[in-house]
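Shared between the two complexes below is chain A, which has chain B as its partner in the first and chain C in the second.
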Partner chain A sequence: MSGLGTNARVVRALGARSIRQTFRRPQLISPIIVFPTLLLAIQTGGAGAGINLPGFPPVQSFLQFMLAGSMMQSMMLAGNSGGIAFAVDIEMGFTDRLFASPIPRFAIVLGRLAGTAALGLFASVWFLAIGLIFGAHIEGGIPGALLATFLITASSLAVGGIGAAIALRSGSASVVQGLFPLVLVVLFLSSAFFPQELMIEPAKTIAEYNPFSFIVEGVREPIVSGIDAKQTLEAVAAIVGIILLGLALSASALRHRLRVG
Partner chain B sequence: MEAAAAQATASGWRANLATIAAMTARAKNELLRVPGAAIPGVLAPTIFFLGLNGVFGALIDLRGFDTSSYESFIVPVSMLQGAGFTGAAAGVNLARDYEQGWVDRLLVSPAPRWVLLAGNVLAASARSLVPATFVLAIGFAIGVQWPGLDGLLVCYLMVAAMAAVAACWGSMLALHYKSQSAAPLMQAGMMALVLLTPAYAPLELLQPWLEAVARINPVTHVVEAARQGFVGDVTWAGTWPGIVALVGLLVVLGSLALREMRRTNV
Partner chain C sequence: MPAIEVVGLERAFGDVRAVQGIDLEVEEGEIYGFLGPNGAGKTTTVRMLTTLLLPTGGRAGVAGHDVVAEARQVRASIGVALQEAALDPLMTGRELIRLQATLQGLPPAAGRKRADELLERVDLAGAADRRVGGYSGGMKRRLDLAAALVHEPRVLFLDEPTTGLDPVSRKTIWEEVRELNDDGTTVFLTTQYLEEADQLADNVGIIDRGRIVAEGTPETLKSEVGTPHVELLVGEGALLEAERVCAELGRLLPSKDGERVLLEVAQGAADIPRVVRALDEAGIAVESLELVRPTLDDVFVAKTGHRLEGEEEAVPV
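Up next, the complex of A and B:
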């Protein structure tokens, strides 16, 4: 019990450190908040007339539709920023000092992921607040907002796991930073920004099978129409799948890091 | 006496041009020696181009959209976006040079401040042709209409000048903050300037607030000038507002960057 309490304190301390680190460095916080907010404004203003297209699902406004996409973008970039910060820690030798301390190795990774999840939570609240301020309705009410927030927080944990695995494997911040374009590719090839039925091939077909489309639909549904059990379960299944993948990759990368030093 | 003064002036100009050429060559060497550094600047606009085309391509079905090819409509925007990223990168590189002491060495040299700035800006202008050409090649591969030689020249002119504007913006911020931490501000500023225009749809189809912003954003004229060959005919009436907008932006941002450079002490 005492061991568990100690581990929880380690995770909390490392998580708090990673949050402070993000807010202190403009390079880390801008991709999470500034760029997605800017893109939300531009895409809402630029492509907002798209809701008049035949086949566009009934929504109150394009802003309401886009909120889930912006949360996803922010969450994925939080995962990427978390990976970059973790790799910087490895480059600077901070992680080596943690490895040499009497704490379980998994707590080191979990601490970083806790920080990333907290940033995901912050991002979801930020975009819900922006939506409400600019007139978007949350059709699912408070339970719908809580569900969207939960799904984004859990997703950031999942995506952060993959970022942490790549940081551990490569030990290089520039390699993790190089994944930034990939985040954009994954987002554009999902239904984050437009209904999948109205996308152009081959993006349309890829979006149909992209696990991030399931997550974004699970987040969007409580905002645009109300909680839907099927879409929520599909989103949860996609998140669990990515968490398992992140855990497997992180465990393997951690072993590699301990072996090569 | 007058002949000696004229000779000194000519020699001064030759020295200035040689300095600008040397600084441009340094930027070119950086591109050749570290090609990986140019990849994000090339990849980002390409991903945006392909992504926006895949996601928002159906917008051409809206009443009031006067083109049948969204890829042709959006490709000049992505080329200008590439120019914005390249120019902002010039600012980041200048901040890095400052952090490493290279700018201090330049400042104690007898080269005038404007020459140092011009070297950085012209190098960015030349580098912007790399992502623009890459995006355009991808565009042609997926069906972008041939803009005609005049349309292509106007588009490249807009791209090169936009990169110079972005480099002035980036240099101004780099010299003001003297830190690479200002990079997000350099990139976000250019992204906003290029995208707060009829980038995604014609002016009439934008939301009222964005339409109002786009109408006063000078880069709207640049986007429309760069786009004209891809969606219709190239005309002088469609070109000169873009040139005036770019000259105005260059004068304003160039002056501000020069002021920051003059304020920078060794």
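Up next, the complex of A and C:
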């Protein structure tokens, strides 16, 4: 079997399976939508006056500021859930079915990532809708909303690649699940939930170099003030870097899995 | 050209040598039974032959392609149903077969048609839209088998396809395997059930601790370890007389407990009337008479010095 069309069909079919799997298993969809939505509601309701702190960047509302963080959280947990689901596939032998088929093995990983990216897209639309319903303005208008959605979707692909690589390397759902707290640490050490300007050291410096800060600012900017080319490019560069890292780790983990069986 | 050709195949996991240089050949259209206890190296061998695991030594070809250098071509020629039916419990049977059809490169319309045919063939059409998690063990195995057949493979690998199944489900799988073989599919079947290998296989390879210890047709292997005999239990005090009468009919074999007479019968069941008549004429009352044929277990014991593990789990069909 060869041909781009056939491979594209395989990726689409595996992506569709990945999405169905997520929606049919509540423990996978819950961290992606329910948990970040609750956190958004609690933070917005409880810490809304934070925008009045000296040094807080100018925003219309705390909800408007938080939308990018919630989308990031949802996207990262989608990547983590994708990794868990992939590891479950390995544990129950389902990936053997895929590996024993005459398809390029990267298509198997791409199929999983396509599903994760679709979940990222769903999450970004979900949070933008929530923001709009509860009165947040999207300052960049429709192009700004589309840019934020694109960046989150691409980030899901990038983070999903890391999750897939860890799943392939470890073959254990509990190992991937164990990364859940790490996802939150990485997020809290970025500007996802709190402006970098108001952080204290060493969190401030870590957040300054955290690639997820570049992504979150790239997503936040079109929401709170409008599209900014520099921040968009920085976000894209961070996403590309993580994608390349994920691909390299996945390729190495795939080879490892074939060696160890 | 053989459907499967293996020369000096090895696989080590660190210091553990799971497969230690095996050689085997499976002809086109044959059912090859790969028999051995748990941990003997059966699954490791299948995983290498299906390109899921790289060998650490030797070489193997399937359907004329090398499993390492031409792995993609091998995968296009084979169907695989691995141990413990690797199915997603959240998918429906129909979704799984259609996904498998896509993986095998069938166009969407052909994949849908093939899925319907296969679900009908394995008697799962009525359950096709139910989630696999609700299927019984037998239904899962049949679905797994159907998925392996989606592209009409030349060579089918079945890794312990009936382990843990009830007798009825086991018999259904056997019938399906026979039908597939009648259609020309070469079948490589691993099993720890002696009866399964005996019933299905044209040729049997017995593997123990990573080495093939015997190979041949079931009949040849069994004839190598002995001939059929009758085992007689006679009334009290008649043992010596029964031995005398039987000695005139054929060769006596040593009795394990000293309470029975073991008489070799070259023609098997056809010799029984002659034995019964002779004992009756001598006025010897027979309490029980059993025709005993060598089994593959006897072959296994003869070749390895121990019995096949897991056979006690076997449920006769």
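Remarks
Everything below uses one rule, namely that the second predicted complex is superposed on the first by the 259 of 261 C-alpha atoms of A that agree within 3 Å, B and C clash if a C-alpha of one lies under 4 Å from a C-alpha of the other, contacts with A are read in each partner's own complex, and residues count from 1 in each chain.
What we mean here is this: contacts are C-beta pairs under 8 Å (C-beta built on N, C-alpha and C of every residue); 3 or more make two chains touch, one makes a residue touch a chain.
Since the structure is predicted, the reported quantities are computational estimates derived from the model, not experimental observations.
Bringing the complexes onto one copy of chain A puts chain B beside chain C with no clash.
Judged by the touch definition given at the top, the superposed model places A:193 against chain B, while chain C stays out of reach.
By the touch criterion stated above, A:181 is placed in contact with chain B alone, chain C being left untouched. Draw one line from the C-alpha centre of chain A to that of chain B and another to that of chain C; the angle between them is 90°, to the nearest 10.
Shared-chain residue A:25: touches chain B and chain C both.
In the superposed pair of complexes, A:45 makes contact with chain B only, with no contact to chain C.
Ranked by how many residues of chain A each touches, chain B and chain C are led by B. In the superposition on chain A, A:58 makes contact with neither chain B nor chain C. Fitting both structures onto chain A leaves chain B and chain C with a minimum C-alpha separation of 13 Å.
The intersection of chain A residues touching chain B with those touching chain C, taken from the two complexes, comprises 25. For chain B in complex with chain A, the touching residues are 39-40, 43-44, 47-48, 50-59, 61-62, 70, 180-185, 188, 191-192, 195-196, 198-201, 205-207, 209-210, 213.
Of all residues in chain A, those touching chain B in their complex are 25-27, 30-31, 34-35, 38, 41-50, 52-54, 178, 180-181, 184-185, 187-189, 193-194, 198-200, 202-204.
Partner chain A is touched in their complex by these residues of chain C: 13, 44, 47, 50-54, 72-73, 75-76, 78, 80, 82-84, 86-88, 90-91, 95, 98-100, 102-105, 108, 131, 147. The part of chain A that touches chain C in the complex is made up of residues 1, 6, 9-10, 13-14, 17, 20-21, 24-25, 89, 92-94, 96-103, 258-261.
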